[in-house]
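Letters are used for the chains, namely A, B, C, D, E, F, G and H, taken in the order the chains are written, and counting of residues starts over at 1 for each.
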Amino acid sequence: MLGEGTPKVAIMMGSPNDREQLDAGIQLLEEFGVDHEVNVLSAHRNPNQVAEYVDAAEGRGIQVFICAAGLAAHLAGAVAARSTLPVIGIPVQGGALNGLDALLATVQMPRGTPVATMAIGKHGAVNAALLALQILGLQDGDIKAKLKQKKEEAGGK
Amino acid sequence: MLGEGTPKVAIMMGSPNDREQLDAGIQLLEEFGVDHEVNVLSAHRNPNQVAEYVDAAEGRGIQVFICAAGLAAHLAGAVAARSTLPVIGIPVQGGALNGLDALLATVQMPRGTPVATMAIGKHGAVNAALLALQILGLQDGDIKAKLKQKKEEAGGK
Amino acid sequence: MLGEGTPKVAIMMGSPNDREQLDAGIQLLEEFGVDHEVNVLSAHRNPNQVAEYVDAAEGRGIQVFICAAGLAAHLAGAVAARSTLPVIGIPVQGGALNGLDALLATVQMPRGTPVATMAIGKHGAVNAALLALQILGLQDGDIKAKLKQKKEEAGGK
Amino acid sequence: MLGEGTPKVAIMMGSPNDREQLDAGIQLLEEFGVDHEVNVLSAHRNPNQVAEYVDAAEGRGIQVFICAAGLAAHLAGAVAARSTLPVIGIPVQGGALNGLDALLATVQMPRGTPVATMAIGKHGAVNAALLALQILGLQDGDIKAKLKQKKEEAGGK
Amino acid sequence: MLGEGTPKVAIMMGSPNDREQLDAGIQLLEEFGVDHEVNVLSAHRNPNQVAEYVDAAEGRGIQVFICAAGLAAHLAGAVAARSTLPVIGIPVQGGALNGLDALLATVQMPRGTPVATMAIGKHGAVNAALLALQILGLQDGDIKAKLKQKKEEAGGK
Amino acid sequence: MLGEGTPKVAIMMGSPNDREQLDAGIQLLEEFGVDHEVNVLSAHRNPNQVAEYVDAAEGRGIQVFICAAGLAAHLAGAVAARSTLPVIGIPVQGGALNGLDALLATVQMPRGTPVATMAIGKHGAVNAALLALQILGLQDGDIKAKLKQKKEEAGGK
Amino acid sequence: MLGEGTPKVAIMMGSPNDREQLDAGIQLLEEFGVDHEVNVLSAHRNPNQVAEYVDAAEGRGIQVFICAAGLAAHLAGAVAARSTLPVIGIPVQGGALNGLDALLATVQMPRGTPVATMAIGKHGAVNAALLALQILGLQDGDIKAKLKQKKEEAGGK
Amino acid sequence: MLGEGTPKVAIMMGSPNDREQLDAGIQLLEEFGVDHEVNVLSAHRNPNQVAEYVDAAEGRGIQVFICAAGLAAHLAGAVAARSTLPVIGIPVQGGALNGLDALLATVQMPRGTPVATMAIGKHGAVNAALLALQILGLQDGDIKAKLKQKKEEAGGK
């Protein structure tokens, strides 16, 4: 699951079932050649592992977190509570309320702990990767150039 | 904030502003003479303190947690993630969605981490105390007797 | 439907169709060796039977109720109205609103009559069983030990 | 609270606080000279009293129930569960969700137990009285005539 | 579509597609031997036919209307606007919002024009028929007796 | 209430209480010098008057209807059911659901009967007037020129 | 995609996937012989193309825009921001919230920029075409006559 | 409105009324000494100005956009459509739906155009500033250090 270089983007998901909704986003990071790692870590089943992972992440070179969770989605908030790195949240589609619960549990964060929340489901996963690339692109001319090229190809603006 | 005896009920709230919604519930515990303690601890501002507090609680004699939080309310879930004691959640009323976000973020817990969720706001706070008393009453004949008396007074059933 | 010993957990559902959503929760009780009984009793079709059953339950040794109902889900509230035992409510998924109605009808109880509400559907049913075990575990070291072991296996915390 | 003649309409409310939302509806019954009685009886605080009251009502001459309750509003459903008389439900406005919970808890009744649900709050209370009068008007020419006169005055149709 | 005797219950639906959701309700009226008629008449496509039909209905012996419509469901309200007979509304399940729009458009009637609103979809259709029978049963001992018998069979109360 | 010339825009509202939400929209028509008339006509209290008014409107020179109503807002739909003129609907803010019911009851029209729905409340009323002016501006160069001038003044585009 | 004459109606959609929901509406324009053109132009992928297209449209003879978009549907608003022609918005059904997001993002326009919003999905698309025809029919006797004939055929009013 | 140095953060709001909800966020940027500029620019009233401003921003040194808008909030999306810089969206509280519409219109962006969405209202504004600081802190050791210090002060983690 780990990329070959030092990973810059840490992708976390609450359940292995969430993986399928994240695939297109992960592929986008690969298309841009951005090293990343993917872990299944639940804020509710693995709180200590989440804490250890997040606390060590910045020292390992991680620059952005992408966190996907469904239902009462606490993962992104739990990561944001422990880090001053940008945290991007993807509300996973599914369950009886189809992700509306996950959206509110991800986005309605109290002041002091921001989570950059994306749309519910696959759209949000692609956009999470794009936002991570936009953030990394502020320091990396190659990423920036590819983002601009991709945007032009998509619509000719 | 600490009761005089060994506290059995741990009341946690995410913000000192939540206190006013909890008062009637806390008074009910006092009326029953149940030792309790009240702490302001946020899952987002104080994640390590929450973890330490919860991890030590059972050893100190705590039997039930009551957790109140608003917005993307993660506190009850964060406690439930770390304990096998019963955790009661109160969605705090307020914010742009008036507590609907807190309700969904508290109740829609994934399998493995139950939170006994109450109604939004003051009604929920009183009922959280009552549920804690019902749980303690399974082992404590005095509490059980008072609960029955109170129920009869309220409505003559 | 009855367990072999004296049942401690009374599971009630409003309709036999709800059974499938409850199965994983019931299996969990069986896995823990906790005696329980399961009854289909509707607050709307069988109000007197519900009343008789609940009024007799505590004398028979029942310590916790688990009540599952859908739509305008009144069952848990009707049980809570008649008992000082803890009542756990599961909003059943289904109908035009997919359980949002059942969630609100279960959780928004007025002060005086708590229902420990779980997530909509199967997640909620498993968590209802876990909460019942957590409550029983306060008096039963075997259950407590198994809960701790299971929690560690699930996530290594 | 009792009318002077044999009451035909039984008005029940879950809390004395609901009275103010019912007043215009009650006045309409008085304007039509229809005997009625008003009781504060909660499905959650007074389940046995509700049962006794409802079971005796038809024998006393009651022909229609009007039930007002808020939050997880179970009163109308609890009455409908015990009677074959028409039951009209008024979701009381208030609480964190302002009556949306009461609306769903009143209207989403499973098959077999109808509740004739009105709009949330004061509009619903007036219409509950009107519907009761329309039902009584099927057998009572005076009421029918007054209803027709009132409708014409309101709008000239 | 017409019953053999003088119809007492007028069933109206906004679209022929709604028929399938109404079938169990219509069967219940047939089981009770209550004459009824069923018409597809839309408040939006056939406003004059609706007006003519409703204005003539009371003179023809109709005592209760049952109106089913989906989306921005105006049919029951349009009938209630023209009649002092009881009008029962069934929000039809379907469309992008699955009947939540139809529920609100049916139940949130302003004061002066009551619609006795049932649950969304098939549950509501059965209950609409039951409510109509309860209303007719106030004057018809046979219907009343059958309703009581049916209620006892369903649950033994 | 009538303008001095032959009115081209017919403004209807379900209740005189809705007037205050409409004022800014009406002032805009006056600012443009467009003749209009304002009537309080309820689809539920005055169905025949609504029918007569709408049926005569086109012959009198009306080119656009603007209809404001709250709660289960049927007015715009009732007008659209009777006319092939454009009908603009304004969901009135208010009631327990603050206009969400009126929005859904206005916008979710079945195929065949369009209502051009605006935002809830005062924003919607101003925009209803603007849309009416845009429609009239297709045939009236003065209105068109003023609309363009106003748009430029507002933002310099 | 272009009609043969000078197009009067410009249909825009945010994604080629939206086409299927628009088909019945487009067929209605063809049935009426109204020249139109259909373009896939996204407010988010092609903002400059949208601007150029809209800015040139009035000069080319376009009289009405029909804009369909899903999710955070900005297309109709982006067009309305640049034009004084009437803009009709269709919230596309789909995504995790099935079009409720698109409805609110289309209809809740601030004062100054009206969007004539239709129902979510296919119903809305047919009605968008009808509203465009009603607007064109104010100046075109053939369209007006066909609209009246079609309305009579649909329901005999 | 311009800061004294070369601004790195561009704050845009759709209406001057939104300013009050943004103040605490703006103060946070000032507390960190981060140059920023604040403009009132509406996607609906000033689309060309928005386009010009956004197209020039990156060349001027802007690194992050913060966009606040209410109702059918398109501003953040309109900016994201034109830039490969990170765009943070704040749904403004207010209007009949109190910001739920703005939340959905901001967060439910289709793939290709991410908006980092914050909570509705003042909480979201503070968090937008924090997220901007976290992004800038990836390249700026002073900001990073202050963020860590502030986080420790807030909760001692």
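Simple rule for what comes next: contacts are C-beta pairs under 8 Å (C-beta built on N, C-alpha and C of every residue); 3 or more make two chains touch, one makes a residue touch a chain.
What you see is a predicted model, and the numbers here were worked out from it, not measured in a lab.
Chemist: With over half of the numbers shared counting as same, classify the chain B/chain C interface as same or different.
Modeler: At the contact between chain B and chain C, which are copies of one sequence, the residues are largely the same (over half shared).
Chemist: If you average the CA atoms of chain A and of chain F, how many Å lie between those two points?
Modeler: 46
Chemist: Return the distance between the CA-based centres of chain E and chain F, expressed in whole Å.
Modeler: The answer is 32 Å.
Chemist: Roughly how many whole angstrom separate the Cα centroids of chain F and chain G?
Modeler: 19
Chemist: With chain centres defined as C-alpha means, what is the inter-centre distance between chain C and chain G in Å?
Modeler: 51
Chemist: Hunt down the residues of chain E that sit against at least two other chains at once, touch-wise.
Modeler: 42, 45, 47-48, 71-72, 82, 95, 97, 100, 107-110, 112-113, 119-120, 123, 154, 157
Chemist: Chain pairs that touch, all of them, please.
Modeler: Going through each pair of chains, those in contact are A-B, A-C, A-G, A-H, B-C, B-D, B-H, C-D, C-E, D-E, D-F, E-F, E-G, F-G, F-H, G-H.
Chemist: How about chain F: which of its residues touch chain H in the complex?
Modeler: Going by the criterion above, the answer is residues 93, 98-100, 119-121, 123, 154-157.
Chemist: Taking the touch rule as given, give the residues of chain H at its contact with chain G in the complex, in rising order.
Modeler: 14-15, 42-45, 47-48, 51, 70-74, 77-78, 80-82, 95, 97, 100-101, 104-110, 112-113
Chemist: Quick one: which bits of chain G touch chain F in the complex? Just the residue numbers, please.
Modeler: Of all residues in chain G, those touching chain F are 24, 63, 82, 84-86, 88, 103, 107-120, 122-123, 126-128, 130-131, 134-135, 137-139, 144, 147-148, 151, 154, 157.
Chemist: Along chain G, where are the residues that touch chain A in the complex?
Modeler: 42, 45-49, 71-72, 95-98
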